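Before we start, here is the structure in question, set down as structure tokens.
Chain IDs A, B and C follow the sequence of writing; residue 1 opens each chain.
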Amino acid sequence: MNRTEGYLQRRWFNRLMLVLCGCAAAITIIFLALILGYTFINGITYFNLDFITQASKPVGESGGGMRDEIFGTFILVGLASVIALPVGLLAGIFLAEFAGRKMASAIRFAADILAGVPSIIVGVFAYALLVRPLHSYSALSAGVALAIIMIPVVARTAEESLRLVPGSQREAALALGISRWRIILGVIIPGATTGIVTGIMLAVARVAGETAPLIFTALGSAFGVQGLTVPIGALPLQIYRYALSPYSDWQKQAWAAAFLLVILVLGINIVVRLVSNRRK
Amino acid sequence: MMKKSEQATTLLPGLRHKEAAARPRVGDRIFSKVTLFFALLIVLILAGLLIALNIDAWPAVQKFGLSFLTSVSWDPVREEFGALPAVYGTLLSSLIGLIIAVPVSIGSAVFLSELAPEWLCRPCSFLIEMLAAIPSVIIGLWGLFVMVPFIRNPIEKWLGSSLGFLPFFQGPPFGVGFLSAGIILAIMVIPIITAVSRDVMRAVPITQREAMLALGATRWEMITRAVLPYCRSGLIGAVILGLGRALGETMAVTMVIGNSYNLTPSLFSPGVTIASKVASEFSEASGDLYIGSLIELALVLFGITLLVNIIARLLVWRSISVRGGGE
Amino acid sequence: MMNDLFRPIVTAEAPDKKPALHEPPRCIIKVKDLSAWYGNKIVINDISMGIGKQAITALIGPSGCGKSTFIRCLNRMHEVVEGGRVSGQVLKDGQDIYAPGVDPVDIRRRVGMVFQRASVFPAMSIFNNVASGITLTRFWSRRSDLQDVVERSLRKAALWDEVKDKLDQPGSSLSGGQQQRLCIARAIAIEPEIILMDEPCSALDPISTLKIEELMLEIKKDYTVVIVTHNMQQAARVSDWTGFLLLGELIEYSRTREVFTVPKDKRTEDYITGRFG
């Protein structure tokens, strides 16, 4: 059978380009492997029990750990969740259950825009809102900054999960003469739990690693966790400070902290995905 | 007491009935109002953000006016502040990032949506999502200690000796600088662009692919002539979404760009972005004018990302709604 | 059901299950023992038939009988679907298109296809839609080189007069019937020997359908057409040969006139008289 014109070139070009596409995907995964590989190897090398049980030590003294910063990160994430979860969930319920078309798309748009605001700007906002008027860096202002980052994520994922609950369940409950808000709380939200929890956990994982908004809200503290109205340390913040420091002891600690943070953040991500995939 | 209430029920059955019917409606109304309040809070936060930044930036806006955007100096001692090098650095590093990220991302997305069998596609997508989940400060740490030395030597040395006649590749290889920042940004936006473009490509109807194949197209020709043109606005949206992320990315860039207030075409030179400037100086800044200038910088960044994000949302939305209408 | 009682036993002619087949005298394609699967599910079961050159062959049958899958096997489009698998031979001019070393890309340039849904490329102009098949094989082509082919193809597809003033508008601006004729023009433009049509009129109004039927009769002079349709009137109106498929098997294949007037198999008769399907 005679071949059509330019046939061989086309066939080879086709193969070449398809292989290149495969290479592109491979490159992406290689970057992941490099970053995780270095973090794990260095992290495990410099990680020890002191790291999670000791407070940081001043320059010159070797040893020490990030006990306070680890604690601080949990406090900040907890604080952010306490603020963001009710706001995000209720906003999500409004979007999914009550909002008219125009209202919904306006709020959804605002949420998407807020989600796209660079986190450093959210930090500046928290500074202007809480640090400047109160004349003090504080855990509270950092918690608020992280909460502002969480809210749109929680709201949008909550909305989407609520929408996935089949309408038949809604109608069945309505037919029993139950009021709308009881249906939402008693039928629809339980039906969407997996999705909502997934969204919340992913949002938590994201803010746990956020650094930029903490620089001028939490500031960091050499005296441990002392309250919500005073500066507080955080793991990612300490990674940043120590990485840019000229002391090799601190740089090693930064790797150890990075190792811990990666385990925390990716751990949440992996568990959440495994659970939600199994449910599907 | 007992008797009285019993009497009331028997005497006014209609009223009881009404009450019973009205109570849930009140509950519903309260509940919907409460949720509305929190939904509006999102809008309020956005508005508050804009207002608060404007108020705090006001001293700088008043003092410098439009010259803030064109001035190249940043002198806290003499209190002269201009944004141009930071804006330039932001745009330049994002541009480098996109130049690297776009082909890799679109290639990956093509691989995931058109080529990879299901058993390969799922783990690959998972890993790419993991890359997106790594905190930016850790990518910065890796960039600073692992990537930057590698960029300095051999990459910048090699670029300098082979392409040194171009102004972009002149000057001593520092390692930290625009090139490193661009590469770090590429790593950070690849997962986003890949994920969105993969979804957009998957939304292209099968009939489009089959029609092109039936004309005797190879698989690659099918992709470039049928799939990509069909979803091009969604792809552009994906790229712009990545751009929005790159422009505002802070930590990783701050750690590898070198933070020097430079306006130079050389990609090897240390530079600064708006975000890195704010991040590295804000907590040490003093005086209303200095802080105001930093906040005005943030405001400029906010404006740019706002614009970019709005465009991206509209494009991605439209391409998805086109799919909804067409199929 | 009732009819079975009144039917003389002698005409029930399928004890050996041999299908009632006649072959056209000049075949461009000979199908031998073709079977096709989706995963583990068999959709075409051991079909053999010849397809007449420069004739219109219609394939009819209830939905799900495998007729679309069958024509997709004729230009190797079946294997595009995940899990699509084929066994047997399809001989075009004596050569098996499933032989090792034969590239499906090459086959599809000789055996064109028009789909049920008009699949114009919305990102391309009308002109580029028609030219899209031709430009595949050329690295660079000037519009003036393509002008002739595009015009000729559009004329053959009876669309030229309607679109000649708006060739640069997007293909999606046309009506449904026009879009389907644009797809036919696009298939013609690469000058295949055979054009497969998979229910080309099922989404169209009667007037557009009529236009496409006229067009088929017109292009039959140059091309071999195989059409899948669930519309028996359409098969009767346009085709020269008709095959009746049921559950993946070819039940009857003969001249259209004979199939519709004196069907040999009772199942064919039941189908064309509307007793099922």
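As a working rule, a residue touches a chain if its C-beta (ideal position, glycine included) is under 8 Å from a C-beta of that chain, and two chains touch if they have at least 3 such contacts.
This one's a predicted model, so the numbers in the text were calculated from it and none came from an experiment.
J.: Farthest from chain C by Cα centre, which chain is it? Let me know.
T.: Centroid comparison gives A as the farthest chain from chain C.
J.: By CA centroids, point me to the most central chain in this structure.
T.: When every chain is reduced to its C-alpha mean, the one closest to the whole-protein mean is B.
J.: Report the inter-chain centroid distance for chain B and chain C in whole angstrom, where each centroid is the mean of the CA atoms.
T.: Computed from C-alpha means, the inter-chain centre distance equals 49 Å.
J.: Any idea how many Å lie between the Cα centroids of chain A and chain B?
T.: Taking the average C-alpha coordinate of chain A and of chain B, the gap between them is 14 Å.
J.: Centroid from C-alpha atoms only, then distance chain A to chain C, rounded to Å. What do you get?
T.: For chain A versus chain C, the centre distance works out to 54 Å.
J.: Mind pulling the chain C residues that touch 2 or more other chains?
T.: Those would be 105-106, 109, 136.
J.: Mind pulling the residue numbers of chain A that touch at least two other chains?
T.: Correct list: 4, 10-11.
J.: For chain B, jot down the residues that touch at least 2 other chains.
T.: In chain B, 216, 218, 221 touch at least two other chains.
J.: For the complex, which residues does chain A have touching chain C?
T.: 1, 3-7, 10-11
J.: Along chain B, where are the residues that touch chain A in the complex?
T.: Touch list, chain B to chain A: 23-25, 27-28, 30-32, 34-43, 45-46, 48-49, 52-53, 55-56, 103-108, 110-112, 114-116, 124, 126-131, 133-142, 144-146, 187, 190-191, 194, 216, 218-221, 244-245, 247-251, 254-255, 275, 278-279, 282-283, 294-295, 298, 301-302, 305-306, 309-310, 313.
J.: Once bound in the complex, which stretches of chain B touch chain C?
T.: For chain B paired with chain C, touching residues are 205, 207-218, 221, 225-226, 229-230, 232.
J.: Applying the document's contact rule, which stretches of chain A touch chain B when the two form their complex?
T.: It comes out as residues 4, 10-11, 13-14, 17-18, 20-25, 27-29, 31-32, 34-36, 38-39, 86-87, 90-91, 93-95, 97-99, 106-107, 109-114, 116-122, 124-125, 127-129, 132, 137, 148, 151-152, 155, 178-182, 184, 205-206, 208-212, 215-216, 219, 236, 239-240, 243-244, 251, 254-255, 258, 261-262, 265-266, 269-270, 273.
J.: Applying the document's contact rule, which stretches of chain C touch chain A when the two form their complex?
T.: 93, 95, 102-103, 105-106, 109, 136-139
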